[in-house]
Every structure is written in C-alpha cells, then in structure tokens.
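The structure under discussion is supplied below as structure tokens; questions concerning it will follow.
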Amino acid sequence: MLGLSFLLGQRRANKATNMPFESGVLSVGSPQIQMSVEFYLVAIFFVIFDLETVFIFAWAVAFFELGWEGFLAIAAFIFILGVALVYELSTGALDWGIKRGSGRHPEELH
Amino acid sequence: MSASDFLAIAPLLVLAAGATAVMLQIAFMRSVPVTAILSMVALLLAALSCVSAAAITPLQVGALLSADQFSLLFTALFCVAGAVTCGLSLDYIRHHGDEPEEYFLLIVLATLGAGVLAYANHLASLLLGLELLSVSLYALIAYPNRSLLPLEAASKYLVLSGAASATLLFGFALLYAGTGTLAFAELGEKLGQAEMGTGLLMAGSAMIFAGLAFKLSLVPFHLWTPDVYDGAPAPISGFLASVGKAAVFVALLRLFLEADLFRYYKLVQLTGLTAILSMLAGNLLALLQTNIKRMLAYSSIAHLGYLLMVFMICLDTGSRALAVEAAMFYLIAYTATTIAAFGLLTLINESQVEREQVQLQQVSGLFWRQPLLAGLMLVALLSLAGIPLTAGFIGKFYLFTAAVSGGNWVLLAALILGSAIGIYYYLRVVFYMTRGADEHKHTVTLSPGWSGSALSCLLIASILVLGIVPQTLMAYLRSIL
Amino acid sequence: MDGLMVPMEHVLVVAGLLFTCGLFGLMLRRNIIFMLMSLEVMLNSAALAFVTAGAHWAQADGQVMFMLILTVAAAEVAVGLGLVLQIQRRFKTLDMDRANRLRG
Amino acid sequence: MSELGTITFGLLIILAAVGGAAVLTWFERRLLGIWQDRYGPNRLGPLGAFQVLADMLKLLTKDDWVPPFADRLVFVFAPTAIVVAMMLGFAVVPFGPELYVLDINIGLLFFLGMTSLAVYSVLLGGLASNNKYALLGGLRSAAQMVSYEVFMGLSLMGVVMLTGSFSMRAIVEAQQDLWYCIPQVLGLFTFMIAGIAESHRLPFDLPEAEHELTAGFHTEYGGMKFAMFMLGEYLGLILISCMITTLFFGGWLGPVLPPLVWFCLKVFALICFFVLLRAAIPRPRYDQLMSLGWKVMLPLTLFNLLLTGAVALWMEG
Amino acid sequence: MMLQLILLLLVAGVVAWQAERFSSTLPRWVTVVAVLLALLMLIANLGGIPAERFTLVSYPGEPQGWLMYSQHAWIPRFGISLEFGMDGLSLLLLLLTLGLGLVAVVSSWDEIEFKPGLFQANLLWTLAGVAGVFLALDLFLFFLFWEVMLIPMYLLIAIWGHEKRAYAAMKFFIFTQVSGLLMLLSIVVLAFQGAGEDGISFSYSDLLASAPTGRAGMLTMLGFFIAFTVKLPGFPFHTWLPDAHTQAPTAGSVLLAGILLKTGAYGLLRFCIPLFPEASMQFAPVAMGLGVLGIVYGAILAFAQSDFKRLVAYSSVSHMGFVLLGLYAWNSLALQGAIMQMVAHGVSTAALFMMAGALQHRLHTRDMFRMGGLWQQAPRMGACAMFFAVASLGLPGMGNFVAEFLVLAGLFAVSPWMTAAAALGLITAAVYSLWMMQQAFQGRPDNNREMADFGVREMSAMLVMMAVLLGLGLYPQPLFDLTQPVLEGLLPRMSEPMSALPRLLSEVSP
C-alpha cells in the first residue's frame, strides 16, 4: 500500500512543506527538548510493574494447582507491590505539575 | 511451608517486613529520625531473630535457601553492620541528601540482599541476593545529590557491576547447560559425573569466578574500586567494602564448598594467583595514595586477596575446616574494622558537602582535637594492619595457621610481603593524626553527635574484644562447622 | 532428554556471540545509554542461554531463571535510567569520558 | 486445517480486518452523527457509504512525503509496525470452534505482546519526526500506553485463573456454562478501559489531542503513512472488541445461529458501544488520565485478582 | 603475680594519661610510683620463694623449674594460654627493665611539654610490653607482647621525636613488624610440627619437645633468628637503629637501647637456640660471622658520626655484636658474658643517651662539632660522660669489661680466629669513645654559651647507674649466681649438637 502510494502520490515541494509543522507558527528552538522527568518515571514504573505482572501471570496459569498456599504467597506479593505503589504515589512520582510529596516546585528539580 | 520454615528464614522475613514498613512510613509521614530508628530496629530485630532461628537449624527452606548456623551468623553480622551504618550516617546524610529517608530504606534492602546471599545454596537465590544488594548499592552510592562525584561513582559501578552480573549469569547458564541443575549440592554431584564437555563447565566456572572476582574487586578486576569508593558517600563506601564484599564472599565460599568446585584444580589455582596478585597490587597501589578513601579501597583489595587464600588452602582436605573457620573469623573482623575506618570518614565529613575531606593532611592533628575519633581510626588501622590485640590480628593469625596447616608457602610469602607494605601506609595515617594540629590549615573541625560517639565506642570495643578474648567466637565458629 | 529442535550447543554459541557483542559494546561505547543497552544485551544473552539449557534438560528452571534475569535487568535499567537523568542534568553530557572527575 | 488452508484463512482475516477498519471510518462517523444529532458523511453513495472509497483514493494520491529533517528509515517503518502488530494480533482470535489461524497455548500472551509492540510505533514515529509536537505526542502516547498496559494484562488474569490456560480456545470453551462477563465483571471493566487507552480512542486520545499538540505523534505524517496509523487504530478497535468477545462474552458461543455469526454480532455490538463511548464521554486532562491508570485501575485489577482467587478457591472447597 | 605486674603497668599507663587533665607534673609521679610499685611487688614476691630455689638447676619445659610460674586459659582453640614463667634470667632482665624505666622517666623529667600524660602512658605501656616479652612462655603470647610493645614505642618516636621522626618511626616499625611476621610464621609452623591429637599447642615446654630438623628446621629457625637479630640489632638488619635512636626523645632512646634491644638477645637465648639445637648449630658460624661483622662495622661507623646520638647508636650495634657472638659460642663462659653484656650495655648506653638528651635539651643540637669545652662549663656532666665513655670502651673494673672479656674467653675455646677479629672491635671502641669525649667535652669552650650543669635529679640517676656498672665490674658473682642455674638447664640440651661447633668453625676459618 505504501508502495502504491509512493507511485501514485503527487510531488510537490515548496519552502513551507519542508519545515516542521507547528500549526503554521514558525518553529522556535531545537526539537531536542528537555522532557519532563515524569515521562521517564512512568517508563521506569512500567518496566518494574510490567515485570511484576509476569510473576502474577505465572501464578494465574497454575492457580488451582497451587491452591491456598500459592494464593497466600501471591497475596503477600501483591501486598508488597501495593505498598510500593502507595509509596510511589505518595512521594508524588506521578503528580504532573506540583510535587506533593516533597512540597517543592518541579522547577527546583531541574 | 511449615512454621519452622518460617522461623528458619525469620531474619529475612523481618528485613523484608521492615523494608515494607519503612516504605509505608515514608509514604505517610516523612521524618528522618523515625525512618532511621525504624530501620535500625528492623535490622536489629532481624539480627535477634537469627538467635531464635539458630535453635532449629540446619534446615533447607524450599529449594533456594539453606538455613544453617553459617548463614545465620553472617545474616546477623550483616544486620548489625547495616544498623551501625544507619547510625553512623544519621547526621551525615542529612547534610548530603535532599530526602534522606529512602537512604535508610535502601540500606535495609541491601542488607536483605546480603542476607539472602548468606542463605543461598541455589544459583537462583544467589542471583537474587546479589542483585538486591547491588541494585540497592547503586542507588545508595548515588544518594548525595549535592555533589557530582557520587553520581559518577554510581554510574561506573552500575555499568561494571552489571557487566559482572551478566558474566556471572552466563557462567551459571553454562554450568546449568552442563549439569541440568541449579542447586549447589546437586551441582556438585552432577559435576562429578558430568558427561558434557568439561570445556563447557570450565568456561562456566571461569566466568562465574570472573564475575565474583569483580564483585569482590580482586586483581585484575579491581579497577573500579578506588573510583567508586572515592566517589561514594563515606558510610556507603564502608558498607560496600564490608557487607558488600563479605556477602559475596560467603556465597562464593558456600558455592565452592557445597558444589565441591575444589576438584577443578586449575580454577582453584586461578584463585590462588588472583589472591597473590590482589595482595601485592592492592598494597602497592595503596602506598601511592594520599586520599584516605582510595587508600582504604586499595587496602580492601588486598584484604580480599588475603581472604581468597582460603580457597587454595581448602585444596588440602585436612585443612579445609580450619580454612573455612579462618575465613569466617577474618570476615567478621574485617567487617567490624572496615566499618570503623569508614565510620571515621563519615563522622568527619558530616557537614562537608562538595568534596569530602579525605586527604591525609586533613586528618592532621586529629589525635589532639578529637581523641575518640582518632582512637577509632587508630584501632581500625591497627586492626587492618594486623597488629596484636585487635580483631584483625587474630584474623590474620587464623589465616597464617590455616595456610601453614595447608602448607601454602607461596601464599604465605605474599601475605607477609603484603602485610609489610600495608603497615607503611596504615601507619602513615596514624602519623598524620598525631602531628601537631597547627601544622596544617586544612584540617577538620567537628564534633560528633552522641550517636556517633556511642557507635565509635562500640566499634572500638568490638574490635578490641575480638582481638583480646576471641575464644568465645572461635569456639562458636568451630562448633558450627 | 533434549527438548530442543536445534542442538543446544548452537544456541549457546549464539548466546555467547550476543554476550561478546554486548561486552564489546560496553567497552567501546562511551555514551552511558548505549552502555546500558549493551548491558541489557549481555544479560539477555545469559537469559537465552538459560532458556536453552532449560529446554535441553526439559526443566522449567531455565525459564524461571529467565524471568528472574528479566526482573534483574529491569531493576538495573530502572536505576540506570535514573542515573542517566541525573548525569544529563548535572554534567550536561552522557559521555562517560567527559564526565570523569574521579582520578584514575 | 492444512497449512495452505491456514495461510489462506489468515489472508482472508487480514483482508476482512482491513476492510472492516475501512468501513469503520465511515460507519463511526455516521453513528456519531446519529448520536450527536448531525449528519456525518452522507454525500457519496447510499448513506454516504462510498465515502470510504473516496478517502482511500485521496490518501493514495497524496504526496508520499518524508520530511527532510526526519530520520527516514524509522519514519517509514513506524506506521507499518502498528498495522503489522495489530494484524498479527488477529491470528490468535478464534472466530469459531474451528476457525482460527493459530491455536497456541500462550495465545493470550501473544495478544498482549502484539499490543505492546504498538507502543514502538507511536514512540518511534514521534521521535523520527524530529518535531516538538510529534515528540511530545509520542512520549505522551508511549507513557499512556505503557501505563495502561500494566493492568491490561493483569485484568485478564482473572480469566486465565478460572480457565487455567492462556489458550483462547480453551477460554471460550470454559464459558459454556457462564460467560466470564459475570464473574469477571471487574476484569471486563478494566480491560475495556485499558483497551480503549491502548488504541488511543476517545476519550483517551490525549496523544493526538488536536488542541494542544496539533496532531500528536503523527503531526508530520501525511498520505498513506498517515492512513497506516489510522488503520492501526481502527484495527486495534476491532481487535479489542474481538478479544472482549472471546474472553468475556463467550466468543462464538450462542444458540441457534452459527458460531461465526454469533461472534460477528457480538463484535459489532461492542464496536457500537465503543463509538457510543466516544460520543458520550469528554476527554480528561493528561495527568488525570495517568492517575486513573495508576491510582484506580491498577489497584482495582490487583483487587480483582485477589477476589477472584479467594472466591474460586472457596468454592472449590 | 606476673600477669598482675604487667596489668599494673598497663593500668598505670591509663591513669597517667588521664592524670594529665589535672596537672602536667602529675603523670610523671604516677609513672614513678607505678614503676616503684612494680619493683616492690616483684621483690615482695621473690621474698616468698625459698632461697634454695635460686640455685636449683631449672630445666626449661618443666613447670617446677621456674622460680615463678602461672598459667591461665586464654584461647584453647589453638592451645594458647596465658602462660608466664620467671627464672633467674627473666628476673635479671625484669629488674633491668624496671630500673631503666625509672631512668627514662627521670631523663625526660622536663623535656616533654606536649601531652606529658600520653607520653608517660606510652612509656609505661612499653615497659609492660617488654616485661611481657621477658615473662611469656607461650609463644603466641610472647609474639603478642613482642608486637604490642612496638606501638607505644612507635608513638613515642612519632609524636615526641625529632626532625625526621616520621621516617625513623616508620622504619623502626616496619623492620620489627615484618621480621615479627616471619617469626609468627615460624611459631605457627613449629606449633603444627608438634601438633598432637588434642590439637596444636604454643606452650614453650611442648614446643621444646618437637623441634623440626633438617631443612624445615633451618627455615623455621631463620624466622626466629631474623626477628631477633633485627631487634638485637645484628648486621645487616641494623639500619633502623641509628635512625630510631637519633630521632627518638631521650626517654625513648633510653628504653630502646637499654631494654628493647635486649629482647632480641633474650629471644635468641630463650627460644631460637634451644628450640632448634641442630639448626642453630649449623647456623652458628654464620651468626657468629654476623656478630663479628656487627662489632667491626658498628665501631667503624660510630667513628664516622658527628651526631652524638648516632655515635652512641652505632656503638650499640658494635656492642650487641658481642652478645650475638657470645650466644652462638654457646658455652657457659660466653653465655655468662653475653648476659653480662646485656645488662652492662643496657645501663651504660642508657646513661649515654641520657647524656645526649641532656645536651640536646640544653644546646638544641646533637652535632659534636658545635660542642667542645663542655667540661669547663659543666664539670659534673663531663665527669659522668667520661665515666660512661670508658665504661663503653670496656675499661677493667666496669661491667662491660667483664662481659666482653668473658665473651672473648668463651669464644676462644670455639674459634680463636673469630676472637681475634672481635677483639679488634675493642680497640676501635676505645677510639670512638675517646674521640667523642674529645669533641664534645675537651677543647676550647664557646664563651657565648650558657649551660647549666646536671642537677640533683639527673646526678642521682647517673650515680646509681655508675654504681651498678662498678658493682657489676668489681663483684659480678651475684649475677652469675642468678643466671647459672638457667644456663645449666639450657646447656645440656645443646651440648651434643654444639660439641660439633669448633670443628664446624675450623672448617670455615681460613
């Protein structure tokens, strides 16, 4: 489909076409901007939590075989996971904008 | 899992619960003293629970953990060391980090990792313990966020230690491929009858050895050590040098003993060579330092070299028990001593933010201004140098005895040569401390708080007690083998 | 015994090659992000070796180790990324040679 | 099914899915029009049904433009990735008792894996464009997708627990007596939300929020490559509907009518429901979106797991 | 009693240290009182021993052979106990230690202004360590004291020493420490050699029974020999000594020269030779050769010095060469001579160092070229200097003469050739001693210089030491009586291997 489009597509080139589109406003500054730290935090959280889910997956498949013992084990696991989540949320790691946990403004962090 | 299983791993459970509790406490109420006390209570409780757990050992808990006197002893040691580190850094970290609470949480986690290592008799638990310890340490090293050096040290340690972990894991994988088992003891059995190419197993064990040698900072894998120790906050350097090393060593020792890797004569010879190189290079390089932290870093390389002698000695089955006993005593003495030495650096750097005061000139005349702190350093240095009446001497004597019993004369020669060089740089610090206070301007002005003073006294006392009346510990060590 | 379609040694060789790639990457790259990536490659090559060995012996242990390694790698990377952020902010570079202030 | 048959069937499914997605662009607008009391496309053909064809032609003849400041290879690769990933996702969907491309014992994991691949597409697209808005959009989108992905998998674990398998067919067959939408109502709820967020449909279309970011990660995209992104999104919608049908509404199960018909009916109903959602619910703020994911949905799925586990074990005896 | 004596000195050290808080003179008095108390304690306990015990031959290895013996459990894991034993030899050296301890305090009475409490504490701790060395029978315990006495000594030099104190202290410590490690190695080897079913033992009596022979015995013996020779100091391990003596404060030099060197000789006599009769016999020619070399070399270098203290230090090297010779000649005469030399040299050198200290305190230099004519300005000082200088060169009537004569006489029976070479040392001793007198005390006085003579305190110490030396020279019999039983116990142990010594020596002589 892409190939077809390449063949059929019209060619047009002018100055404006080859500039980054910012709703008609001329681009200011480099696109290599400093990202808000929250994005990295989310990425890191994802990496951690997604891996935790792997362990839960493993338990879920063998759920009936493991019985109550397995249930208690995973409950402990989920409890710790929950505590970690509570900790992270309360430190304001996911608060976009003003940080709650530290009582400081995000500018100070940068 | 039965109740006795839970009791057997109670120290680990207490540590884990403690970490969780600390985390909750931080989440709901930030307060440095509360966190510190909570962490220390958790660590001390864990140490205490080792005593009650000792009643039902030895016990294999699940496939991964082996609760015996050996693991309990070292878990207790690590817990106490962790608690002392917490206490020492109480004032330090307030000046160096913005949110010091997590610092204590990380110490508890690192101690948990060390405890798991002490318990590990399965490659999986070894991996878990090792990484729990290392990852907590990365964060701890980078903790003081007002200075650039810790950051650099942490990233260096992270990258290199990660590479070491990967090497280690690859080695494990090769062993697993060759034997089909991950438990130490079974590994030993299978290795005895392995049909797989021994090349695979040799490569595997060599990689494991390289990985662990890196973690223990043995020559030639030692290059990271001085930089990391120098850049890391002083209490963490101490923790890294003592608990970080001791835990890995304990696990390595157990791996070798239970899997009987001593049958790989070449591998053991490799350890011997590494030991000699570490003793000599560590001491020689320490000679060149004027920075006390770097000096202690190189000296820790040398000390791990001394310890590594044990593997060579173990080749002689008649001396094996004595060698292991020697290693245990040396580890305990070394842990106490190292924490004391870095403890001094912690206490004199409490309010220093950018570059820590660790140059020799900066301790000039400390003896006259802060006799207690200087006494702490003096005792620690004498113990490191192996002068009698200190724990370090008894440890070295143990190694001597074991090596003589095993007839390892070359190692002994290296040990004596290394110790000889060592005396020089240890005494140099003592000399600087006893100089007239007015000879240098860039000296330290400080007064340790009550917790610092109390812990200093405790450390001095423990080093001296171990050095003067070691019999109780010796008898205990002998009884647990 | 052998639950693999291809001989275990072949896969192990591949894993070894991957490991070597990672090691070289680690040694040659100076940008810390790439160093972390090389680290991941090394860890994952070990994980691959475990899975292979586990399949060879028809045991679940290899996969368990694989999961543990994944977790470990994640933890390392999580801390690593945190450090990267700090380094970028404080040193204004990710080049580890230029961020070298410690002697030696 | 023979190997050749499988391939043919796979191609058929792909064609059907793409066709379905294409029709959906028109259908959605019509439906929205009805619900929002306006017209929607109504000029071409009966009820404007030829609009699809017109759009298609237009897109094909557009300038196949790659911005000179972009990373060329990645820029072209990014939009295809999402389409391929979504199409592969269809492979594990059982349309009937014997109607499937793949029946592997990790079917569900395969699906989760494929949906996670989509994040590469938007992230790389945003990065390769070398445009501030695209980058921000890409990052936002990636953050959103990964946040919701965590509990997307978890929300399905209740189903897995009850079935004891990751195989889609096994899951459907386990619903003979009771559809999982009853015992797993929490799971259904969370999975649905996660699914919407994964395919960034309204109300979770923050990454491409026109007001803030021009068009988000595909700002610089045009022509067929832009269409690919759109195609991916609609494919995602269909895929999610298929999954919900399979996992919670008994898949092909149903009385009288043939299985495939049942399946299609259910999917169609779900699609209508999703369109209704789009019409009815306003878009949240970005931080609200993230909080919802981490603070409400993740704990909710974990709770669901424990609840399911406890109840299931209780009833087991 | 012996443990208590050591503890007394240790605790007194702590008391003296803390006494500094109240007054700067108090620590000195604490030291004096402590040493006197220790002496008193020793004498009081000796009173309890029946007189005939002093004449009984005491065979080492039999607990009843000791005048005093005590044993307490310490580290049973390695068969280590707090085993102390005292015979005539230890008693003699203990008396010397305590006596010179007093001299050291007196000599530095007002020299030390910086932290006098800690200074006195280190002094006392050194004394405690040395006392432990002379009394310990368990080899581990012996090693412990051997090493422990170094630390206060190191601190004495490093804190209160002169210009190059860091270098000197470090050199001293490293030399002795490294050789100490060799000894520890030998001790451990020895202990394993004699390991029985009930584990290893470090007890002297047990180890005497299990001396290794052959090459192992030789190597093990060398470990001991090097450690003791470094401390003695014998050629070529003497290089730490001139530096340490020169840089140490007066009291430090007194202790170093007077007592610490004797621990080396004591170790050779008590441990090195009896534990390894065979190896020692084979090694004796070398050891004696080193002794001769030490005598000659020390004397020549002493002559080349301009620094008063350095000169005395090198003369010590020379004098201790006699001790080495006497010990390895291993007959009753030579051994008595060696023991006499230990005591006499201890006293005379201590006096000379005290003299040097007094001069430096008054003139702020040790350079003899900047002295001259002191006799006129300080006649009492001159007289004392003259006395000890001639004592040191071995004038008949002094202890030193008796000692050197006995050594040479005993040696002659073994090797006339070596006797001749050693006698050369006596002549050079006369040269450097008199040269020193001439440079410092004769000649034209510097009139710009004000110098106080010895006061009552210093004079009384000097007079006591003079009396001791004269006593030893004129009536040495009590000393011989005290040590004879010890030697009689030791000699038979060695008689068989040592009988081959003259033949061995004649083979190596030209």
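Per-chain numbering from 1; labels A, B, C, D and E assigned in written order.
Assume contacts are C-beta pairs under 8 Å (C-beta built on N, C-alpha and C of every residue); 3 or more make two chains touch, one makes a residue touch a chain.
This is a predicted model, so every value here is computed, not measured.
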| item | value |
| --- | --- |
| Joint neighbours of subunit D and subunit C, given as chain labels | A |
| Most widely separated chain from subunit B, with each centre as the mean of CA atoms | D |
| Distance-to-centre winner among chains (Cα means, whole assembly as reference) | B |
| Chain separated most widely from subunit C, comparing mean CA positions | E |
| Centre-to-centre distance between subunit D and subunit B (centres being mean Cα positions), rounded to whole Å | 52 |
| Whole-Å separation of chain centres (CA-atom averages), subunit C against subunit E | 65 |
| Geometric centre distance via CA averages, subunit D-subunit A, whole Å | 18 |
| Euclidean distance of C-alpha centroids - subunit A vs subunit B, Å | 37 |
| For subunit E, residues that touch 2 or more chains besides their own | none |
| Touching two or more other chains - residues of subunit D | none |
| Interface hub residues of subunit B, defined as touching at least two other chains | none |
| Contact pairs between chains, per stated definition | A-B, A-C, A-D, B-C, B-E |
| Interfacial residue positions of subunit A with respect to subunit D in the complex | 1-2, 4-6, 8-12, 17-18, 20-23, 27, 29, 31, 33, 35, 38-39, 42-43, 45-46, 49-50, 53, 56-57, 60-64, 67-68, 71, 74-75, 78, 81-82, 85, 89, 94-97 |
| Residue ranges of subunit A touching subunit B (in the complex, touch as defined) | 69, 79-80, 83-84, 86-87, 89-91, 101-102 |
| Subunit B contact footprint on subunit C (complex, rising order) | 8, 12, 15-16, 19, 22-23, 26, 32, 35-36, 39, 42-43, 45-47, 49-50, 52-54, 56-57, 59, 61-62, 64-65, 68-69, 72, 75-76, 79-80, 82-84, 86-87, 90-91, 96, 99-104 |
| Of subunit B, residues touching subunit A in the complex | 1, 16, 20, 23-24, 26-28, 30, 98-99 |
| In the complex, subunit A residues that touch subunit C | 37, 40, 43-44, 47-48, 50-51, 54-55, 58, 110 |
